[in-house]
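My questions all concern the structure below.
Per-chain numbering from 1; labels A, B and C assigned in written order.
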Amino acid sequence: MNRRIINRRLDKAFKILGIASTVFGLLVLVVLFVNVFLEGRSRLTWDFFSSFPSRKPELAGILSALVGTIWLMVITGLVAIPLGIGAGIYLEEYAKKNRLTNFIEINIANLAGVPSIIYGLLGLGIFVRYLKLDRSILAGGFTLALLVLPVIILSTREALRAIPFSIREASYALGATKWQTVRYQLLPASLGNIMTGIILAMSRAVGETAPLITIGALTYIAFLPQNPITFLEKFPFIHFTLRGLLDPFTALPIQIFNWVSRPQKGFSTNAAAGIIVLLGLTLAMNAVAIILRHRYQKKIRW
Amino acid sequence: MLSNKRFVLKFKEFLIEKLLFLCSLLSVFTTIGIILVLSFESIKFFKEVPITKFLTDTQWTPLFINKHFGILPLLCGTFLTTLIAISVAVPVGLISAIYLSEYASWRIRNIVKPLTEILAAVPTVVYGYFALLFLTPLLKKIIPSLSGFNALSSGIVMGIMIIPMVSSLSEDAMRAVPMGLREGAYAVGSSRLQVSLRVVLPAASSGITAALILAISRAIGETMIVAIAAGQQPRLTLNPLVPIETITAYIVQVSLGDTPHGTLEYRTIFVCGMTLFLLTFILNIFSYKLKKRFQEIYE
Amino acid sequence: MIRQLNAFYTDKEVLKGINIDILSNSVTAIIGPSGCGKSTFIRSLNRINDLIPGFRITGEVIYRDKNIYDKDVDVDDLRRRIGMVFQKPNPFPKSIYENIAYGLRIYGINEKQKLDEAVESSLKKAALWDEVKDNLNRNALTLSGGQQQRLCIARALATEPDVLLLDEPCSATDPISTAKIEELIYQLKQNYTIVIVTHNMQQAARVSDQAGFFMLGELIEFGKTEDIFKAPKDKRTEDYITGRFG
């Protein structure tokens, strides 16, 4: 009898502990958000977005950092998305169960857990030095692409695995080839989940700092990479160049890191303001991913 | 036998398969690239610094005039911050996982899970800011002897960062435990807590261990928090209140400066990278194997 | 048509030396207790079993004077000519129209007019046209189970195969749909060679011209449906048909 009551009380106590543990992280998150917001909001003016970094904190802005981040994301996405989806398709639909496949799988699992700073060293050794891309946007984009590749591969595979085998059977039974089955049935059916994975991977890339610092991304950049498209007054009126890809760059998280590590008070305010922008960016991406996943789960019920 | 059209189609199929295969090989090349780049510079480093010195010297001062190349202080710093992080993340993460898997309703889980994922999505540089400019000043009120840079607050924040990882991976492991096991225990009148702790937890233990190892690996490789908030003073101490330096933070420190390519100082970051890679590699593979075995049991 | 067919799943023999001659423009029913290999058998006839890891087969399946397991056979083309309908309806998560047009599109036929015609005629053949003609753009997954299965039949017919394999097509449909599908099989017989696997004895008796009884991977008896049901030669067939085991 007594034992019962004790058990029930223990059960209740544990439940409260469980809720507390679950909420703990979220509480910290709220504190973080509030703290950053109160600290940084005063700097969130138009000037902050349209100014270059400066030695005077109240004049400094994130223009070059923001533009650099956008460039990086474009390169990272262009490289990592097709390669990641391709690898995912191969491993899930084509690969036979053999030792090579097994090896590739372990390899990807390991790569997903390799610290990001190691990718920075890889980028420094291969892209910056060996391929002589220097500390360019291209070197940074390639480095981040390799970093997010395992994430995209894993989520592509998971998305494909969620499609029932009967869909594949139906397609093959009609005489479709493997690629036709992938292209016309499996990819459209898993697109939502794949997109979710890609957005999450890209949101991770947006906030990555360590690998970019390691490849030597400069922190003081008072100019923008050359625009790919410029309009001219004379024929042919439009000038297209990718020279900007080889320009040095800075990115939002690097700029934040730079400001955090300076002792003057003004810079930590700038850091907080930069963090608000960065958090806004990553959280927006995450929100889109969650909504996308939710909608697709609703739409397709096998 | 094949008509022209079929032949083109088959050839296209063949090309696509090879192309996709190359995509998946890229990951292997990445690993090879990492190993090559790291060993290339490391070998040059060990030509100048004997490996015994590297492993036994108790000082790490490559940037000073009186140079010492002992990895121990950096390892010690990494170990200390990881230990603090794990002691925060494991209890909180595990209890939360048990709650979500065994107590919480389906609806609560569906709301809470995406929210905790946000915690994992916050860029690490933001956590670094939080550790340095929020937590350290706060802790200083309680522990006046705390330095401005220290292992304690960066370790704690790092722990908070990996809570979602511990809790969601452990929860997955617990939910993989077949319902039948639980029902058996409930049938003889066990309470929820007893079932959780005596049935589910042991049954899921290898899956949970895999999750914990992955979390340790993550903490070892974490860079920005410690680079911002833990300091840049390699020292062989387990005192969490003073500035220290981790392997990762050292790499950042050198990368920020203008260390010329090809010098011994430049090579130190690759040696550090190699050490880091080996540590995390062993943990990752171990975790992967454990997880595979766990999945085989319950499938 | 089928000679000495042996099939294995990772070295476990599931079909043992099967010999059957399937007549064209007739319905051949395959009956037997579950686990007897009848599904494996029918799935071997269009090589869909090739998708299953660990599946291996010996012997010959002769179709149009050629063994379909020969090395130089174009498997995709073969599957186009030997259509298949599965146990559970498996429409693609797309519109009704696209479900049927798919088989043509992958063969490079994209002209709207041709597709329209094929969609209409296949749906008519599958006795589904009247129910869906006004909303061909509806998602196929919103159809009822029986409608979905008829859609799958229409889909298989759209590529104009000459053999139709039906693997327990009515195992997941309601009695009314089942009746419709049986009626359909009767109609289709004139133009197609049909092989149907079923666990429903009455169904086999109703729709088929010849029947084969499988047990534990062996073909126990094969002959005209009438003979099998009225005067089985083998004791085991008789026991099964009269419901002594199942």
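One rule holds for everything that comes next: a contact is a pair of C-beta atoms (placed from the backbone, for glycine too) under 8 Å apart; a residue touches a chain by one contact, two chains touch by 3 or more.
Small disclaimer: the values here were computed from a predicted structure and weren't measured.
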Highest C-beta pair count, chain pair: A-B
Farthest chain relative to chain A (centres taken as mean CA coordinates): C
Centroid distance [mean C-alpha coordinates] between chain C and chain A, Å: 48
Centroid distance [mean C-alpha coordinates] between chain B and chain A, Å: 17
CA centroid of chain B to CA centroid of chain C, Å: 53
Multi-partner residues of chain C (each touching 2 or more other chains): 77
Chain B, residues touching no fewer than two other chains: 10
Residue numbers of chain A (touch at least two other chains): 177
Residue ranges of chain B touching chain C (in the complex, touch as defined): 1-2, 5-6, 10
Chain A-facing residues of chain C, complex: 46, 48, 51, 53, 76-81, 83-84, 86, 88, 90-94, 102-103, 105-107, 141, 152, 155-156, 159
In the complex, chain A residues that touch chain C: 96-97, 164, 166-177, 180, 184-185, 188-189, 300-302
Chain A residues touching chain B - in the complex, by the definition given at the top: 7-8, 10-11, 14-15, 17-19, 21-22, 24-26, 28-29, 31-32, 35-36, 39, 82-84, 86-87, 89-91, 94-95, 103-104, 106-111, 113-122, 124-126, 129, 146, 149-150, 153, 177-179, 200, 203-204, 206-210, 213-216, 219, 253, 256-257, 260-261, 268, 271-272, 275, 278-279, 282-283, 286, 290
Parts of chain B lying in touch with chain A, wherever the complex brings them together: 9-10, 12-13, 16-17, 19-21, 23-28, 30-31, 33-34, 36-38, 40-41, 91-93, 95-96, 98-100, 103-104, 112, 114-119, 121-126, 128-130, 132-134, 160, 163-164, 167, 191-194, 196, 214, 217-218, 220-224, 227-228, 248, 251-252, 255-256, 261, 269-270, 273, 276-277, 280-281, 283-285, 287-288
